[in-house]
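Next come two complexes, and both contain chain A; in the first it sits with chain B, in the second with chain C.
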Partner chain A sequence: MSLDDAFKDPFFRDESFFGDFSYKNSPHAVNRFPFPFPEDDYMYSVNMEPHVKGRPGSIFEHYFDVDEHYVSEMRDRARVLEQDPLRCQSLPHMTLAGWDLLELIMEKFAEEYPQWFALTKDSNRWHWINRPLGIDQKFTFLDESTLPMGPFEYITRQAQGDFTLQDQREDNLWIEAGMVTSQADWSLDFDIGMNFHEWHAPVPLAHQMGIFDRALKFLLALQHGAPVRRFNWTMTVDPLLDTSPENYHKWGPTKTTLTPENIGKRQHLRVELQTLIRLPRSNAICFPIRCYLISMDDLVTRPKWARRFHRVIKTVPDELATYKGFIRNKPMILDYLSKFDDGAPTSPGWWPED
Partner chain B sequence: MSQTQADEVMKSRPLYGTLTPKQGSSHFIVADGEGGDAVAALLNAAPDMKPLAHIVYIPGANGTDLTALLEGLGARVFHPAPSYASASQRIRKVLGDAHMGLQLYVAGTEGLIGQVQRDAIAAGLPHDALTTEQRGSKARRVQCVHCKGITENVTLDPFVCSHCGLNLFVRDHYSRRLAAFQGVCIDAEDPGEVPPSEERFK
Partner chain C sequence: MSGQTRLTVIVTEVVAVNSLIKRFRFVREDGGLMPGFSGGAHTVVEMDDNGTRRLNAYSLMSDPADTSGYEISVRRDDTGRGGSLFMHNGVKPGMKMVISQPVNLFGLDLRAKKHLMIAGGIGITPFIAQMAQLDSLGHRFELHYAMRDRELGAYMKELSARHGERVHAYYDLEKQAIDLANLLKIQPLGTHLYVCGPKGMINWVLSTAKAMGWPKGALHSEEFLAPPVGEAFKVELSRSKITVEVGPTQSMLEALEAAGVDAPYLCRGGACGQCECRVTASDGEILHYDHWLSDEQKAAKTHIMPCVSRFKGERLVIEL
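Moving on, here comes the complex of A and B:
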């Protein structure tokens, strides 16, 4: 497969998420950025809502959002996997869930983006075309020997965002497969095989607030065909998708190189759109974690976001700022943002112009 | 996540009980260091277990060696081993061959308990066939998240990874699959600024 062909469609940006960090959002991408704060302050909560279609043009328009960063993100994933193959793992009994996910992604992509993807089926003989990535694949559904790699790895190399698959048994969820190359500092290799409370163990405050007990109870009853979604967020210096603990000793030092002059360009708000989907054959829960990055300079072009983000960062508890890894730069971030907050009231909801 | 040390026990951290006799057709007992005392207490409280007992004992990394005490208990099989690595083939074979009614008891360091637990799960032993008791050194088995190498018997925090040499702090985050805690580079953001080591896990 030749990724270079892809850039012939000018919709897809040719950019990097490491080295010279040429990643950038177009004005359209800034406008549709998923700003995750509906109010002027933030605390953990069981923030889940039905994953239904939203406003045209927004990231909620489609089941899976394929955006201008698609091809470059997939190239970055391939690079990370080459360096560290342990970022994609699937325990043997998760293969069926991998097929479930492959089917879901192929069907939704082909239905919602016919200009880029096509799927034709002749009973179990399937034909998949992915034009942006230059892929043309005939294979037999549920027959692993007809794909170049397992179904889970195959399809998640073609879809933006990290993916994990959770098996359900003993009234718990077990993280037993993952494609994790754009994570906010957690290790699939360490966490694989854990249950819901175990993999969430490092999170401060939320356990005591009962958030994980309630969230798990809700998820155990999640129905096929009724997916839900939530946001999470953190802060990242430079548009680095791969903020892995494995490489923390390499990217950690960049936090010390922020200055009042470069912070607007280099400090990014990192938003994860997380969806929870019950899969039909395996009964597993799929958890896509889609990462969106926006520089402070781009964020403050929307006055409502600028005011609100200043207030959120000002009031976020230190435990959260420490956990999210931006406590050392919090004063500099506040200095930068304060210039854009005149104290005017903000309207409810996260849309920039409402 | 890298900065956090929760002050209360993390949910990924296992909890342990006390060795107590259970009904079973055979009793497989693995212990290290001070765990030997728990085994002696178990068999002395229930002497009729002895003809059905198979003990594997590993002296502690801290020097505690109760081999003589355990040898004198009169178990059907007593196997002294110099290290977990040297005993692991035998342990996996016994667990793999286990019939219904085998009871497994593990006493000693968290590193030993974790490794036997991991091997027992892999062998398909039912959860309720396993009893554990933590005794002796609180030393930890720690996996370096960067190079993936495991350092045994870690008592200091921070410590130097025995594989890649990075300065690691020890998180409470624990993986049962690896039977190890997680070690993360402590001076990643300010290379060379390493606080003095403290003996946290005696």
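Moving on, here comes the complex of A and C:
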């Protein structure tokens, strides 16, 4: 793939997620940021809702959200994979699920963003065009030898967010393929082959609350045609997508370099939009984990978000703050946010303006 | 459940395969393609049987790669509740129907080195789709198909033509039987075993395999249980605060749906566990027909599966 022409379309920002961290949200991106708190406090729950189309302009407008960071995120993924190819793995029996996902992404991208993507089919002979990434590929659907790499890796190098594929058997889900380069501190190489309860083992409180039992029961019955979504969130210093355990020695220590002066610029709220999709031919469940980052300086430009975020951080249980990795900086974050919380009530829901 | 979990279809073919089995083909009303599916999946067909709404699950038997339409086979059950009779007598080409998106509770384990399939009677249908899918994936499989006689041995000819030596037929009336113990003994390591057919056959195959030391994870079965008929009874719902009357040829789940209750389900055949309800009071006998609850749960009368189970007695209250 050639990225030389990639930034000709001014819609896509040319930015970095490491080194000088030139990543930034445009005012439009700030406005559509998926602020994940519908209320002034937060606790784990089985927070799943139908993945249906939402407000125009919002991240729910499309089945998959392609935004201004697309090209730079794909470049960052390629960089991480070059350093560590094990970030993408697919066990042999998951190849069919990879084709399912390739079909889904190509069809949705071409249908919803015809200005950037095109897919034409002549029975199993397909022609895929990805203009932002400069890709023009003819191949035979379900014939691996006609693609430069496996279908799962091929398509997830062209789609924002991490992806995992879960096989379903023995009344459980098994994580057996993944493209994981923008994760909140978990490792595909460690988790691959585990089942739903095993890979969730490190999460505090939720097991005892019965959340994973109920979530698994729901997912085993997830139907084709009725995808669902949920949010997860954490805190990240600097707009670093690759907060992996593998590289913890590089990013972990940056938590100690936050100061009251730089916290607004460097501390980011990290939101994951997670969707759960039943795939047709393989019966696997696909789990796209789409990561959105916003600096605290940008976040507090929306008064409702600023007030609410202050209250959420103030009341979040220590177990969660520890697990999410920001307990150390919690007092400094609260100091910063308290300046924007006048105590006024907030309206329900997460939209900034209503 | 939300989203597009149902498809509006037109019946394009009704074929009498033999004296007991009819095959139906559905295409989309809007002319679009059907979703692809995985071998072993079923669809739930909605029927309006003279004002009674019936929902029956049938395995998809067409080639999963063929997204132009879906095919199912229905065996007529003259003593049953009427769902299969309605399909046989009431469904004609050109009719509009509503079916569910595919649901798979009998999936292939694609890690298997070889897939060994054992079918009895109409239990052949999910295997027809699975073999088509395995064939195109280049996986190794072998089918052993037992049926009463040549006349009822639906699809054997087509399967032999398509899969040759990989399919084996056994006719009861000709005193042929699967030599199960020997068959299981000679399988290569990493073989998965699948069985679909009458209850007796499933029990025989699974217990033989278990006794021979096959790992649980390598055994797969699906029994299509039609909701049994029985005496009418009443059930009280503690949350919705209503009482629902269940007719003799109606399942409790169907009666709940007719009363406007949005009760969860997936298989409608006592296998998947989705419809499980807690019983808060039971003055009488719960007739458990499912294979989901454990024997202890059944004896304790704490849960019931409304898709197949019934009640006989004074008063039944469930949490719904």
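Here is the rule we use: the second predicted complex is superposed on the first by the 354 of 354 C-alpha atoms of A that agree within 3 Å, B and C clash if a C-alpha of one lies under 4 Å from a C-alpha of the other, contacts with A are read in each partner's own complex, and residues count from 1 in each chain.
Keep this in mind: a residue touches a chain if its C-beta (ideal position, glycine included) is under 8 Å from a C-beta of that chain, and two chains touch if they have at least 3 such contacts.
Values in this document were obtained by computation on a predicted structure and should not be read as measured data.
Once the two complexes are overlaid on the shared chain, A:327 sits against chain B while remaining clear of chain C. In the overlay built on the shared chain, the residue A:280 is in contact with chain C alone; chain B does not reach it. When chain A is checked against chain B and against chain C, the one touching more of its residues turns out to be B. In the superposition on chain A, contact of A:96 is made with chain C only, not with chain B. Contacts of A:227 after superposition on the shared chain: chain C is touched, whereas chain B is not. Using the contact criterion defined above for the overlaid structures, shared-chain residue A:256 touches chain B, although it does not reach chain C. Contacts of A:44 after superposition on the shared chain: neither chain B nor chain C is touched. When the two structures are aligned on the shared chain, A:192 is found in touch with chain B, with no touch to chain C.
Comparing the two complexes, no residue of chain A contacts chain B in one case and chain C in the other.
Across the complex, chain A is touched by residues 1-5, 35-38, 41, 64, 100-104, 107, 109-111, 133, 136-137, 216-217, 264, 266, 272-274 of chain C. Against chain A, in their complex, chain B makes its touches with residues 1-4, 6, 10-13, 143, 145-146, 148, 166, 171-178, 182, 184-185, 188-191.
Contact residues on chain A toward chain B in their complex (touch as defined above): 86, 185-187, 189-194, 197-202, 204, 207, 245-249, 252-253, 255-256, 322-323, 325, 327-328.
Of all residues in chain A, only 50-52, 91-94, 96, 100, 142, 167-170, 217, 221, 223-227, 280-283 touch chain C in the complex they form.
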